[in-house]
Structures are given as C-alpha cells and as structure tokens.
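Common to both upcoming complexes is chain A, partnered first by chain B, then by chain C.
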Partner chain A sequence: METLSLLAGGMSSALAPYHFLIMIIGLAMGVVAGALPGISFVNAMAMALPFTYMMSPIASMAFLGGIYAGGVFGGSISSILINIPGTPASLPACWDGYPMTRQGKSGKALTIAIAASATGGIASALLLTFAAPPFAKFALKFDQPEFFAATFLGLVSIIAVAKSAPWISFLSLFLGMVIGSVGVDPLYGVPRLTFGIAEAQSGINFVVVMIGLFALGEVVEMLVASDGAMKVKEHIRFERPRFTEYWALRGSVVRGTAIGSLIGMIPGAGATVGAVIAYGVEKQASPRGAEFGTGVPEGLTAPEAAKNATTGAAMIPLLTLGIPGSAATAIMLAALVLKGITPGPMLFSTQPDLVYAIFSSMLLANIFMIVAGVIIARGFSHFMKVPPAILSGFIVVLSVLGAYGVRNNIFDVYVCMIFGVIGFAMKRYNFPAAPLVLGVILGPLAERYFLTSLANYDNNVWIFVERPISATILGGALAFVLWAMSPVLLKRIRRNKTAAIS
Partner chain B sequence: MNTISKIFARSIIGTLAAGSLFASGTVVAQEKYPSRPIEIIVTFGPGGGADAMGRKMSQLLEPVLKVPLPVSNIAGASGNAGMTKLLTNPADGYTVATLIALSVSSWAAGLGTAKPDDFTVVAITQNSPSMLFVAQDSPFKTIKDLLAHAKANPGAIKVATSGYGTQDDITLMYLASQGYKMTNVPFAKPAERYASPLGNHTDAIYEEPGDVAQFLAGKQLRPLVVFDDEKHASFPEVPTSKELGFNISDLPNFRTITVPAKTPKDRVDALAAAINSVMDTAEWKKFCAETYTCVARKYTPTEAQAYVKAFYANTQNYLKSMKK
Partner chain C sequence: MVFHQRHWIRAVIAELIGIGTIVLGRLIVDDPQMVESMARGLATPMTWPRLMLSGAGLCAIGWAIEEGWKAFHFVQAPSAAEEAMEFGDVGFEEESAAPPLLPIALGLGLALAYAFVIPWLGFTLATVIFLLLWFLIGGIRRPVKLLSVTLIGTGVLLFVFVKVALMPLDRGTGVFGEFTIALFRLLGIY
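Coming up: the complex of A and B.
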C-alpha cells in the first residue's frame, strides 16, 4: 500500500506540467535521434546532459528517461523502413521488419513495433517500481562467470538468428570478434592488432562498424541495385492496431519482455544483447519459427519487446545500488551526481519522492511513446517517397556524423567508410553481416568476463559450471544449440543410418 | 534608437573593428586571448570522474574567460585517444584536455607514444590518494585484520582493481613484497569493479574515494586504509599507509587541465589564472569536497609540470623494479 501511495505522489509530480512537458520533449528527441541512422540515443543523452544542469533532479531524470525510452524504440523505425538499424539494439528489427515493408506492410510493422516496445517498456517500468530492491539483490549475485555465461548465450543465439549455413555465420562471428579485439587489451593495457597505428589503440567501436556495414553498405547497394530496394512507394496507412491481431502475439511479447528484463540488469550487456537473444529464443519457441526472416510478426515482436524491457531493468542497479550498467545509465548517474544526489540503497529512504517521480516518468514515457512513436514514424515514412539518390546522400551525411559522434574521433569516420565498402561486398556475396556486428559487440565482453572470472577464481576454468547460476545459463545455451541444430543433426543421423543399412 | 537597431549598429561596428584587426597582421598575433570558444577534451566517457571535472570547469570557466567552453568526450586507450587529439590540434590555447594520473601511468607502462614533455600542464585541479575499501558487512573490521589474513593466507584476499600495470597493481605488488600477498582481480569497467565487492565476489576494492562516493554515502562500502602520508581530512579515523610502515604514498590520483607543449606562455598563464580563480569559488570547493578531490595547494604551471614528470618517473621506476 505504501508503494502505491508513494507512486501516486510520484505520478502527481511527474505529471506536473513542467516535468511532463520536458519528458515529452525528451521522448520526441529520443525517437528522432534513434530513428536517424548513425545518431543514437546515447549521443542524444550526452548532448542533453549540459541542459540538465539547470533543471531540477526530477526534470532532468524525466528528460533523460524520455530520451532513453524513446531512443531505444526509435532505432527500429529506420530498421523497418529502410533496413538500416538506427541503433545497434534495432538490428533484429531489420530481419523481419524490413521484409514486411517490402511486402507493403510497413504500417503494420511499425504499429507492431510500437505496441511491442511500449508493452515491454511499461512492464519493465512496473518491475522497476514494484520489485527494484529484490531484483537488485538478485542482480548482485551475478558475478563475472554469470556475465560470461549470459554473453556466451548471446553468442550461440547467433546460430538461431542466422539465415545462412551455420559455419558461414560462425566465420562471420569470428571475424567480428577479431575486429572487436583490436585496440588495448582490457586487463594488461597492451596494444594489440593495431599495426602501429596510434589511433587504433582506441579500438574499433561496434557502433561505427554497424553504421558502416549497414547504413553505408545499404546505401551503396541501393544505388547500385537496378531494381531499387527503396522504390517501395507505399502510402503508409497506419492501420489502427486491431486488438485481436496484437493479442495473438502475446506469447512473443511475454517471452521478449522476460528476456529483456533479465538481460537489462546485467551491466554491460544491455538492449542489443537482449534483443538478439529474444529473437533467437523466439525463433525456436514460435510455431512460425521456420519462416523467420520473411516478415513474420512474431520475429519482430519479441526483440522489440525485449529491447525496451531492458530500459527499466537497467535502471534497477543504477537507482538501488548506484551501479550504471550502460552508457545511457552512466549519463543518468552523472546528471544525478552533478546535483549532489547519490543513487544507492539510501536514496529510497532519504528521497522516496524523487525515486517514485523517476519511476512514474519512466512509466509515462513508455505509455506516451505510443503517441510519439506513431507521429514520428509517420513522419519518417515520407522518406520512403524521397528518390534513392537524395535519400542516400542524406544517410551518408548522417552516417559520417554518427560515426564521428560516437567518440568525437575522426579515425572512427575512416573506419566507418572502410566498413561501408566491406558491407557492400558482403551484401553482394551474401556473406552475413549481422553475426560480424554481434561478434564485435559480444567478443570483447566475453573476453573481459572470461579473464576476470579466471583472475577471481584461481584460474579455475571449471568455475563456469561449478557456480549454479552460470551453469544453468550455460546449460540453457547448450540446449539452445542442440535445439537449433536438431533438424540438421537428425538429418545426418538418419542419413548415416540409411547408409549403414544399404 | 530602439534596442534592436542599437544591437545592429553595435554588430556593424564590431564587424568593422574585427575587419581592421585582420587587416594588420601584427595585431592578430597579439589578439586578445581567449576570443573564441575553447574546446575541453574530456579523455574519458560521459559519467566518470574526469568528465565531471571537465564539465564543472567548463561551467565555471565560462563567466571568467567570457567564452563558451564546449566539452567533447574522446574516450579510449586509457585516455590516450583524447591526448592524441589534443596534440593534433593547433597549440594555440583553444584546445585543452583533462590529463589524469591513469593516462600518465599508462605511458610509463608503455602505452601510446606520448611523454610528459609533449604537454604543458596548466593546473592540477583535483588530487586524491587511493584507498582500500571493503563491503559494509565484510568480516575485516580494520586494515590490521585484512593484512593479518593476507599474511596467513597468501593470495586468498581478492582485490578489485582497474587492471594490471596500473597504480592499483603497483600498490598490490608492493604490499606483496612486504609479505602481504593479495590477488589482483582486474575489472576494465568501473561499474563492474564496484559491483564486485558489493556482491561479495571480491574482498576489497582499490579506488579513490570520490569514485565510490555514492557507495560511501549509501553505507555499502567502508574505507580501511588510505595510501598517503597524512590522514585524509574527510576520513580522520582511517589509518594511513605510513602509520602502518608502508612507503607507497606517491601514487596519487590527480586530474589536470593540460595543453600541448608548444602553447604560447602568456596563454598558458591566462588559462592558469582563470582556473585558479575558479578553484577559489564556493561552487568548486563544494564540488571538490563532494568528490574528495580538493588539492592541498595550488601549483603554478611550472610546478604542475614538474609534479606530473615526477609521477611519471616514479611509476616507471616502480614498474621496472617490479619486473625484476
């Protein structure tokens, strides 16, 4: 009961005209920034940080929370419409969202994405509101071996994601991991694979790789392709979401939300890993799994729900323990600390008003995201009518800006250009690019977690199966591999049998 | 004359004045500094200690220097990505960077190509000793408990640090050489490093107090020892390493504002004067007190440069002697 009265108080302060307006502005900024290829919501939050200096703590958190929630969704708009993920977490939205657009169902795809994202986001904001302290305690049980196991699960889910032969996907994944290890080794501080280039010591950022492979690669492909992938000139009609249609997807929403909420609490993993795992699991769990990649609503729903479910979950360790697990939550921490507010267990007892106002803002942001999402997605749909030559120029400019904006480093722009060429070549030769990007993201994480685990547990490699939570996740990963590979394996066994008989 | 036309007239006069300045080259060389925005390169990502310092400086320097000071975060390679950017920009005082102890010790460890002499340290803005912290419910009540356990069970105590070859590592190796062997558990990401002792996955954490301020305020971590010669003003009950007979107090965590070495001296002095006046403001004093990073005294650019060079040489010596 006490929670409800605190929440009511939080709601009234989050609904105060100034706070509410600022949250809506943040939301709109986030959706737009997310939807622009190259510009991510982390860029938008970093740019917004100085503006929070003169705001009250509640206003600044409403602002940043709005950008966060809106931006995580917004990335899917460009995934669905032009096959270019606006943010890394929207990569899976390309796989079934873009095929839907090509079938002339972009309005439906966007509606599903908005509804699923909002549902995931609202569920995770409720989790944050009602269960933050116990979940924080649970999250603290996770140590490096558990993080490694979760990352490993992310790596193997790529088999499920892959449309091409498993070994080609693995090759692509491996290349991505090699690219991800360029730079300075995380524990010893020794440069590696830098070939004497000083700038390469900063490493190759996965956002830059993603912009190059997908945005620039897609642009070149678009200009070269004679059929013109962008010529789908469909008048975007926003079919009002028929409830029965959405209700049929409830299983995917629930699975996606659950996966996103769990992954979101793990520092370092975040929305991208959550969305990819959700897609992989959904492909196995859904009755239409075999058709994934051809524009199946379930394949769009699960990762969409998962990525927005990570937003509220990621704020649990931030607010209850003071641990920011991602770039976005680190910026929120900075905004709070600059105001002399230190997130942690004390915050709930010393400033419950603030805490519940933040919870309420996150809830409201996810609810109003439906409105902001529809309006902005409709605006972006008009880009589809722009001639490819002009649209591609626009995307190139945004890509360069986005690549530079990741770390304000011109070296990243060159890297992005190189990956643009590679991306085009990969497209032409049907070499899958998604596993490569996931390798760049997950490879360094897996390495760090693995090495720190060994350092912490006497170099005992069995630690990963000795610890119950980590063993469970790894067991899940193994089951997942067998499940995904079962058709191939069964076929081989059968073939061997027939061979033996004859 | 109404206001708008007044502003208009003033801007025309201003443009004419600026034009005449450009007309004569000698005047340009002595142009008033600063006359355009100064970029502050923060060498780490948003949200960290260097970021907070850079942004606070930007905010407080603006009214003093009368120009905006936009912050850009150029993270990577222990801060060396940002330092490289600083060196490639013109040495005209319009780009400054946040050089911190971690980056200097990374040079000593062989990372990057920069040397202290490539830069001029304008001011040491923050400084803090490191401390060992344990979780609030840790069985180790005092540093003596911890050290006794370390002596009896070499390597059993696990300390969360920022990596190998860092100040953290040097301190642990020094303690090992004194008979207190503990295991270094390196965490590249600060958030993971802090979560580790809180979840009782490691026994202690080596960190400067400002970076774990929220955990101190939340009574999640408590300090056991400060690696310094003198008591920490904010933690008067915490024993110093010197009291315990250790000689490892020369690895402080300082943060500076730094420019390239070739920057004209008058501009360095102008920047230093502005930074000094900022450090006298109540707002800065509140900021540094909250982050436990107030400097004991102000250094002139020459002294600051010598301080950083001495730290570099020191770290190099430690690393050399450890390798043997």
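Coming up: the complex of A and C.
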C-alpha cells in the first residue's frame, strides 16, 4: 500500500509538464541516436550529461531515462531497415528483422519490435518499482565486505561479455582499474600515478573516460564517411498489429523479458548480452528454431523484449547499491553524484520522492516509446540525410563541453581527448573498450570497499568469506564465472577427448 | 602470411603492455619507502595499484603467449568482422572498406589540437575554427553551408551553455579573451 501511494506521488511528479516534456525530448533523442549507426545511446547520454547540469535531479533522471529507454530500442530501426545495428544490442534484430524487410514486411517487423521492446521495458520498469525497495531494505544489512563482494561480482561478470577472449578482456579490465586508481588514495591521502601533475591528484573521472572512448572514438570514422549513404528504399507503412498475431508471440515475449530482466540485474552484462542470450534461448525453445535467420517473428521478438527488459533491471543495482552495471547507468550515477545525491540503500529512506519519480519516469518512457518509435521510424530516411561530417563535428564539441562540465576543469578535456584517440585505436584494432570502462568505474569502488573492510575488521582478509551475505555473493560470482566459461571449457574437454581417441 | 603477422603484432603489443606494467609498478608513488612506512595494516597506498598492475601484467603475458602460439601455428587471425561480433561491437558491416588513414589522422590531430588551444583562444574562437576545419576535411565545401552551420551551431551552444547553464567556459587569454567578452556582450550573454 505504501509502495502504491509513493508510486502515485512519483507518477504525479513525473507527469508534471516540465518533467514529462523533458522525458519526451530525451526519448526522442534516444530513439534518433540509437537509430543512427555510429551514435549509440551511450554516446547520446554522454552528450546529454552537460544539459542536466541545469536541471533538477528528477528532470535530469527523466531526461537520461528517456534517452536510455528510447536508445536501447532505437538501434533496432536501422537493424531492421538497413541491416546495420544502431547499437550493439540491436545486432540480433538484423538476423530476423532485416530478412523480414527483404520480404517486404518492414512495417510488420518494426511493429513487432516496438511492441516487444515496450512490453519488455514496461515489465522491467515494474520490476524495478516493486523489487528495488525490498532489495534496498535488505541492502541496509550490507557492510563494506558485502559491498566489495557485490562490486567484485560486477567486475567478474565481464567474462560473460567476452568469454571467447578472456586474456585481452581481463587485460582491458585491469588497465581500467589502474586508470581508476590514479589520484589520491582513499585511506592515506597519498597521490598515486600522478607523475607530478597537480590536476591528476583528483583522479581520472570515469565520465570523461567514457565520453572519450565512446563518443570521440566512434565519431572520427564518421568524418570520412562519404555521405548519409544508407538510404531506406522502402516506404515504411505500419501495419496495424492484429492482437491474435501478437498473442501468438506471447511465449517469446515472456522468455525474452525474463532473460533480459535477469541479465540486466547483473552488473556489467547489459542489453547486448541479454539480447544475444535471449536469441539463443528462443532458438532452442521455439518450434521454428531451425528457421531462425530467415525472417521468423519469434527470432525478432525475444531479443527485442530482452534488451529493453534490461533497462529497468540495470537500475536496481544502481539505485540500491550505488553500483552502476553498465555505461548508461554509470552516466545516470554521474548525473546524480553531480547533484550531491549518492545512490544506495539509504536513498530509499531519505529521498523516496526522487526514487519513485525515477521509477515512474522509466515506466512512462517505455509506454511513450511506442509513439516515439513509430514517428521516428517513419521519418528515419530524413535523419539519414544529415551529413556525417556535420554530426561528428558537433559530437566532438559536445564531448569537450561534457568533459569540461564534469568539474569545470580543462584538464578533463585533455584527458577526454587522449582517451578519444585511445578509443579510436582500440576500436580499430579490436581491443575491447567495455571492460576498460567497467574497470575505471568499479575499480575505485572495489578498492575503497576492500581497504575499508580490512581497516574495519582488523586486517582480517578472510572477512569476505566469513560473513554469510558476502560469502554468498562471492560464491555467486564464482558460479557465474563457471557458468559463463562452461561452453568454452566443455568444448576444450571434448576436443582433447577426440584428439586422445584419434 | 598476413594472418600470422597480425598475431605477431598483437603479441608484441601484449609484451609492450607487460613491460609497461612493470615500469609503472615502480612509479606508483614518488617516495615508496616513506609510503611503505605509513602502512597501518596489510594494505599500503601502493597495494591496490600493484595488485591491478600485476593482474594486467599476467593477462598481458597470457595474451602474448596465446598470440605467439597462434602465430607459430599459423592460425588464421579472425577478421575484423568476426572480432567485432565477438566483442558485441558494431561496424563490422564495413569490413571491406577500411577508411583512409590520412583524413582520420587529420581528424584526430584536429580534435586534440582543438582541446589544447581552448585555454588560449577561448571556447568560442576555438570551436568556430575547429568546426570549419572539421567540415572541410569531411568534404563540405559550399561556403554558405559551411559558415551558416558553424556560426549558428556555435551560437546555439554558447546560448545554451553560457547563458542558460552558466558554464564558465574558457574565454581565452589576451586579445582573444577581450574578443570573447566583446562577442558575448554583442550576443547578450555576458
């Protein structure tokens, strides 16, 4: 009952004209950015960050939440229409969505994608609304070792993203954590890895690194793109969805939503992993699994539902533990921190109005995404005409403003630009950037929790496995690593057995 | 030949990163002995960075051995497309046409130069010059389009960030600073 009354309060706050308008603008920006290949919704959120400096906390979260929900879906528009995923998470939409377009069913494919994404997103927002408060209450029992264990789970979850290349992925993660340890150490106040640069003592801000790697690293190649070359040949006509047709896909929607919600809660996994796993599971579960890849609606529905189902779920660790599980939620964390708000279990008791306004905004964003998705998909061909050079030029300028605005410090701009060059090189030579970012974000948190755990518990290194909750989370981390690595390990064992027999 | 060469290059990069971690491990703090003496328990200020650098070093060794083994056994390197898919990245559609290096290098250099001249020229002037050059490299040649997009775009950004968001953007030094202030007065945002 209390939850419902708080939700009603949050809804009235989210529906206040200013907040609602901001959310709609964010939604539209997110769908457009997601749909344009080369600009991901994370880029758009990083670009949008400086605009939140002048907003209230509720407005800024509504704005970023709108971009997040819209952007995760938006990538599917270009996947379905031109076979180029606007975001990595939209990759599975190419596999069955684009074949549908080639069969002249683009309108139907887009309708299915929008409906499935909205369903997954709404279910996930409801999960966030009703699961986060009890989890936050439970998290009040957490002390430093539990927070360290949760952060550790987030760090090792990177194995799910790149299990086929563990060395390079973990190298990237460790390098990210080294970058995260630049600056004054949290316990003794000693500057580390600063090389005499005074500005470096305040550390390398993860937002600055993210803007550099994701925004700048991506746009340089846009500079040399010939033109908006990707033309949408077909005039998009949205078929009115027949309820029976959508009802027949209910199994795929439920499976996709469940997988997305589960994956979304794991720090580090995110929409891409959720969508790809949902596609794989659906291929096994669907009676038409063998036909996947030829334009089967189930193959489009499940990953679409899954990727938007990760959005609300990913905010659970952010709001309850203060641990961002993805680049997008890290930007939301930055927006909150810049306003002096620290997410964590206490936030639910100190600022419930803000928390429920965030929940309501996510819910509304996923509902209104249907309208924004239809309008922007119809006008997609117009967006593709903006010359990439113009788009990329302004992205660079907004990157500079975004980096500068974090601490009003030109040093951050230099760092951002250097990471832009590094990001470009990493992209060009296929060195994974996602683990590095995760390391920069979670590394300092892990260090702080690790050191304070030792300081508070008489330097007892076994404290992490002596406390039941901490030990359970660490056990979960180990189980997760084994589960993620099991296909690779089994493959090797089978190969060795075959070699031994032959 | 090309395939295993790619593995060798990666193995060399991995080794360089490994050496880098050893060098960095010795430069974490200015005075390691003094810092060590500060320790009140198991962990010193150098413990965490050392652990992370050790982890990075180990992974670099693992990666170097893996790449060296592949190069030695002539394993075909994955194509850019396969690797991009592996890491859940986008852009693998354009595998066949690698973008030309010169404009990209110019673009990167320009972006770096833009950031580094802001304190001297100020945000306004630096942005106008940067956008003009960027658009020119990007193939936009029509003067009207070039100037209108640059000036209107910069004007809108100044209005939003200086007038509305009150962001203290760099105005530049000396004559450039005076120019920026005069311009802000003219635009009514000072």
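We take it that the second predicted complex is superposed on the first by the 277 of 502 C-alpha atoms of A that agree within 3 Å, B and C clash if a C-alpha of one lies under 4 Å from a C-alpha of the other, contacts with A are read in each partner's own complex, and residues count from 1 in each chain.
One rule holds in what follows: contacts are C-beta pairs under 8 Å (C-beta built on N, C-alpha and C of every residue); 3 or more make two chains touch, one makes a residue touch a chain.
Remember, predicted model here, so these are calculated numbers, not experimental data.
In the superposed model, A:P345 makes contact with chain B only, not with chain C. When the two complexes are overlaid on their common chain A, residue A:P50 makes contact with chain B and with chain C alike. In the superposition on chain A, A:C416 makes contact with chain C only, while chain B stays out of contact range.
More chain A residues lie in contact with C than with the other chain of the pair chain B and chain C.
By the touch criterion stated above, A:I358 is placed in contact with neither chain B nor chain C. By the touch criterion stated above, A:P191 is placed in contact with chain B and with chain C alike. Touch criterion met: A:K141 reaches chain B, while chain C stays clear of it. Contacts of A:F450 after superposition: chain C is touched, whereas chain B is not reached.
Shared-chain residue A:G393: touches chain C; no touch with chain B. Using the contact criterion defined above for the overlaid structures, shared-chain residue A:N408 touches chain B and also reaches chain C.
Shared interface residues of chain A, touching chain B in one complex and chain C in the other, are 50, 53, 187-188, 190-191, 408, 451, 455. Per the touch definition, chain B reaches chain A in the complex via residues 45-48, 51-52, 55-56, 59, 71-78, 80-81, 84-85, 106, 109-113, 158, 163-166, 183-189, 191-192, 194-196, 198-199, 201-202, 213-215, 217-220, 290.
Considering their complex, residues 37-38, 40, 50-51, 53-54, 83-89, 91, 161-162, 164-165, 167-168, 170-171, 174-175, 177-178, 181, 185, 187-188, 190-193, 195-196, 216, 220-221, 223-226, 272-273, 276, 387-390, 392-394, 396-398, 400-401, 404-405, 408, 410, 413-414, 416-418, 420-421, 424, 427, 429-430, 432, 434, 443, 447, 450-451, 454-455, 459, 461 of chain A touch chain C. Chain C contributes residues 13-14, 17, 21, 24, 27-30, 35, 38, 40-46, 48-49, 52-53, 55-56, 59-60, 62-63, 66, 80, 83-91, 93, 99-100, 103-104, 107-108, 111-112, 114-116, 118-119, 123, 127, 130-131, 134-135, 137-140, 149, 153, 157, 160-161, 164-170 to its touches with chain A in the complex.
Those residues of chain A that touch chain B in the complex are listed here as 45-46, 49-50, 53, 140-144, 147, 183-184, 186-191, 198-199, 201-203, 267-268, 317, 321-325, 327, 330-331, 333-334, 337-338, 340, 342-347, 407-409, 448, 451-452, 455-456.
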